[in-house]
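The same subunit A turns up in both complexes below, where it pairs with subunit B and then with subunit C.
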Partner chain A sequence: MTMRLAFGFSLAAAALAALAFAPFYVGPYQVGLLIGLAGYVTLSSAWALFSGPTRYVSLATVAFFGIGAYTVAALNEILPYPLVLLAAAGVGLGIALIVGLSTLRLAGVYFVIFTFGLAELVRQLVTWYEVNVTGTLGRYIFMSFGPEEIYWQLLALMAATLFVSWCIGRSRLGLALKIIGDDEVVAAHCGIDIARTKLALFALSAVIITLVGAIQAPRWTYIEPGIVFNPTVSFLTLIMALLGGANRLWGPALGAVPLFLLFEWLSANFPDHYSIILGLLFIAIVFILPGGVLAFVERALAHSKRVTGNAERVREPGTAEARQ
Partner chain B sequence: MKSASRRRLRDVFLSAGAVMTVLVGASAHAQERETIKIGYAVSKTGANAGGAGITTIPNYQLWINDVKEAGGLELPDGSKLPIEVIEYDDRSSAEEVVRAVERLATQDEVDFILPPWGTGFNLAVAPLFDRFGYPQLAVSSVTDKAPEFVERWPRSYWMLGGGEDYTDALATLLAEQRDAGTINGKIAMASVADGFGIDLVTAARASFEEAGFETVYDKTYPVGTSDFSPIVNEAATTDADTFVAFSYPPDTFALTQQAQVSSYNPKVLYLGVGVGFPVYGEDKPNAEGVMSLGGIAPDNESNMAYRKRHKELTGQGPDYWGSVITYASLQMLQEAIKRVGLDRDKVSEELSNGTFETVLGETKLEDNQLRTLWWTGQWQDGVFVGVAPQGRSGASKVKLPKAAWQAQ
Partner chain C sequence: MSALLEIRDLTKRFGGLTAVNGVSFDISRGETVGLLGPNGSGKTTVLNMISGLLPASGGAIHLNGEKISGLAANRIARRGVARTFQLVRILPSLSVEDNVVAALAFGKKRLWDRAARDDALTCLERVGLQGRGSENAADLTYIDQKRLELARALAAEPSLLLLDEWLAGLNPTELRIGIDLIADLNDSGMTVFLVEHVMDAIRALCGRSVVMNAGMKIADGPTGDVLGDPGVVRAYLGDAHA
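== the complex of A and B ==
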């Protein structure tokens, strides 16, 4: 067990090192791709951190993503960069706590609708503030560093997210979350502080998402609410996490990487038919892989092992989202 | 637990493998020069598609068609090379436009990149154009910071002026009318809560105050507003002779409609983007006298010929503001290539310093900015003519007060 663990860790470290050195060997276009990949792997892993075990489907991703970007735009000229990132994390945490305290008692579709509305609310608040207080809607971010630095920051954040996710999966907190996801009443009777557990995870997930927005913002030079609060970010994150399997450590990454590459390939080769092909693909995914890629692979493996057919039913944890 | 850790291992392998596949992906290879590659990424779908589909895309198509018909782009030695066009849709996403331009510059290795549509998107790609050494003829971006941008990105060109240019011109024009006794010194103002509306209304407040006007009504409405009766009716209760709205196309049409429904006919009606669309005023008697940004000189024959060809080829007339400038910027690029060849540094230098004959007439940039523009226009007899600056040749005289609404 520990041997395997050590081996797994050294493998992950080697992969991380290879990725970190990648900008020295590839062109600027590939660095752009890697930024997108690292960004979406982090977003969907952070999303799954909270939404995977609790099964609370959140569409608030872009609210926090945009808050991060706006904090950088507002502060990049008055604070040194590390402090700007810290401030972004702080703002994200503060808002996540307020939102979490007031809404985590909602469940099911009410929570989904609320989180979708939250993104719009934050966007309108920012717009209102800019219109009435600062009198200018666009903000400029002029940073002295290039895409490579953005990539390394995202990569570090991605590694940290996966590590935190791995730790939580093995901890009492992770177990508590699983019980909450299965049945809140049982969880309450087990003595789990449901509200506090959910709030902690929601806040952690939100802070990571805020940081992704903050780190990526300098890539756009100019931001306005329409650019950073683009709801597509929320939907893509959700689809990626569900495709891979939101309950597994590597699930969101396995969903994000192929989907992101697919989007890129489609927009490079079929710029005029992108949306049509994408829609058809999503339908195909829902029909063929309703439980996510990992669950599908596991089921296929289990099936080949137990061809006799009298084995116990294969568990499909990934279908939980489909049921919601 | 055993199988779990094995699973985790396998996952590491899988994801690392997936990432490596990308890295090893296609790398471009050099080839014999048989064509000149022109690339662009523009919003063909999404929120920006409306604007891009009027000002940018048809003019790119028209120019590409013109170049193809002429047998290609001419080089200094008189030879011609055909163009190969690579087109991407940025889907109105800032991240997408950034990656598409990176792809054009480093994967497709195009010779020149045409800019995307919109202020925000032109700024998003400006550092990339600069880093990869491409000249950026940014047309569809209204910005007061153009001089700063030119300093930061010496190969960037800003062709549509800044908010202050438009509002100063309007304030000057209105002040003359006030001093002549045509209108009073009060203004009612509305603006859309988006980049364009806010930048212009902020500039307008300063311009109007400086010109001694009193703003008696000043309201900002959210993007997507569909009911303009409160704004129009409240403006109608003021005693302002001038109504100014820095609006977007759907709002511009709705405001015009609402003003007619409410029988609100201010002596000066100035609206934002959309007034310059052919569909707003050509063969529409009610557009008579409505004012906005942009305009054309009706006696400019090359511009009129361009408008005719645009309509023939694309099936729609060009708008009266950015379209002709988009086409002129492409003519400048074409002429610069003819003079100095495909070296991008030399082309950039030529664009900065050269004088060009375009559909606008003789065109020369000052500090990488196009400054001879029509700041204010007005619909007169089915043509949206330029009325400010008055000193410019081809300027029409502004007709105020605006005509009464006609029964529909």
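== the complex of A and C ==
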């Protein structure tokens, strides 16, 4: 087990190092792609952190993403950059706690609708504030660093998100989330504080999403509510996590990479039909792979193992049951 | 000696319907008490208020002299109340072992990792599910799911175990096994409060029974006496048989 773990970590570290060096060998367009990829892998992994095990489908992704971007736009000339990021995380955390406390008692479709409404509400509030208070709609973000630095920051956030996700998956907290996802009544009767558990994970997920928005903001140079609060971000994040499998560590990443590349290609080649294709894909994924690609592969593997394993079990009774 | 569980004037109203109306009784440590009554008499509602699934509209519940009515279900669980449900509730996406670890990791024992797994195996053995830990809980048969639910309740080492029609739907052989299992629990000193319709089980297990009808307590005493009480017979079978 520890050998496997060490191997897994070495592999992940090697992949991370390769990704970190990639900007030295590719052109500016590819660096742009890498930024998008790292951004969406992080967004969908962070989304799955909360929504995967609990099955609370959140469409508030872009609310936090946009809050991150706007915090940077508002503070980048006042504070040093690390403090701007810290402030963005703080704003994201504050809003996540308020929203979480007031909504996590909602179940099923009501939660989905609320989170979608929240994203629209935040966009309207920011628009109203900019028009009526500051007297402008857009803001400029000038930073002294280039796309490579943005990419490295996102890559670090992505690695941190996956590591945190891995730790939670093995922890008591991870089990608590799975139990809540299965049956909240049983969870409460097992002694789990459901509200606090959900709130903690919702807030953690929201802070990571806010940071993605904050780090990516300088890419645009000019931002306005229509750009950073675009609901497509919420939907893409959701589809990516669902395609790969929201209940697996690598699931969201596995969904994010091919879908992001596909969407890039589609939006370049079919700009007018892009959203129709997106909708059709969404429907197809939900129908064909409701548990995601990874769960599908695992089931297929388990099935073939059962077929070949039955013969062995007859020879060695008991071994198949031993877990470790 | 004070009672383990004290219930005073317990009341539950759902809008205009009073499902439980001023019910009072005690349960002493080590007792196995049956809660009987026709369908809709409020038995499960009483159980739900004890475990914290439903808040009481009136009255009070004390466990070990401390008030537990008004507390959330997770806090009541940590104070030593465990239960099974009328419609069996296992955690379908988890393994059999993790279903039991669920009660060990967050209850009053707070075990994790190796200690939790070892304890889970002991609990599974106790209900006859040894060697099944790695199976998916959803793949178990109905009786095995009931066993698993009981193993999860036992894992918490409760001072009070609530069973809601745990023996319902079992065939005669399974029923025998089930009754023996509960009898063993009682022999080991656990206090058990069970809602049950299977009269053979009530007679075999419960020294004392409480009977409810239309939300009110209509009898409370030694099971033999209670089952012969004309009021109880009338509640179950109507006036002609009383």
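Going forward, the second predicted complex is superposed on the first by the 283 of 324 C-alpha atoms of A that agree within 3 Å, B and C clash if a C-alpha of one lies under 4 Å from a C-alpha of the other, contacts with A are read in each partner's own complex, and residues count from 1 in each chain.
The rule is simple: a contact is a pair of C-beta atoms (placed from the backbone, for glycine too) under 8 Å apart; a residue touches a chain by one contact, two chains touch by 3 or more.
All values reported here derive from a predicted model rather than from experimental measurement.
Set against each other, subunit B and subunit C touch different numbers of residues in subunit A, with B touching more. When the shared chain is aligned, subunit C comes close enough to touch A:194, but subunit B does not. Legend: residue contacts after superposition of the two complexes on their common chain; A:239 is shown touching neither subunit B nor subunit C.
Contact with subunit B, but none with subunit C, is seen for A:140 once the two complexes are overlaid on the shared chain. Applying the stated contact rule after C-alpha superposition, one finds that A:15 touches subunit B and leaves subunit C untouched.
Looking at the shared chain after the overlay, A:30 reaches subunit B, while subunit C stays out of its contact range. Shared-chain residue A:176: touches subunit C; no touch with subunit B. Once chain A of one complex is fitted onto chain A of the other, the partner contacts of A:93 are absent, as it touches neither subunit B nor subunit C. Of the two partner chains placed by the overlay, only subunit C lies in contact with A:186; subunit B stays clear of it.
Chain contact summary for the complex, subunit C toward subunit A: residues 51-53, 72-74, 77-78, 82-83, 85, 89-94, 97-98, 101-103, 105-108, 112, 117, 131-134, 152, 156. The part of subunit B that touches subunit A in the complex is made up of residues 1-2, 5-9, 11-16, 18-20, 22-23, 25, 27, 44-45, 47, 87-89, 91, 93-96, 98-100, 102-103, 105-107, 119-120, 123-124, 126-127, 131-132, 145, 152, 193-195, 198-199, 202, 220, 222-223. Those residues of subunit A whose C-beta lies close enough to touch subunit C in the complex are 172, 175-176, 178-179, 181-183, 185-194, 318, 321-323. For subunit A in complex with subunit B, the touching residues are 1, 4-5, 7-8, 11-12, 15, 18-19, 22, 25-30, 32-34, 36-37, 124, 127-128, 130-132, 135-138, 140, 142, 146, 216, 219-224, 226-228, 230, 232, 248-250, 253-254, 257-258, 261, 264, 267-268, 271-272, 274-275, 294, 298.
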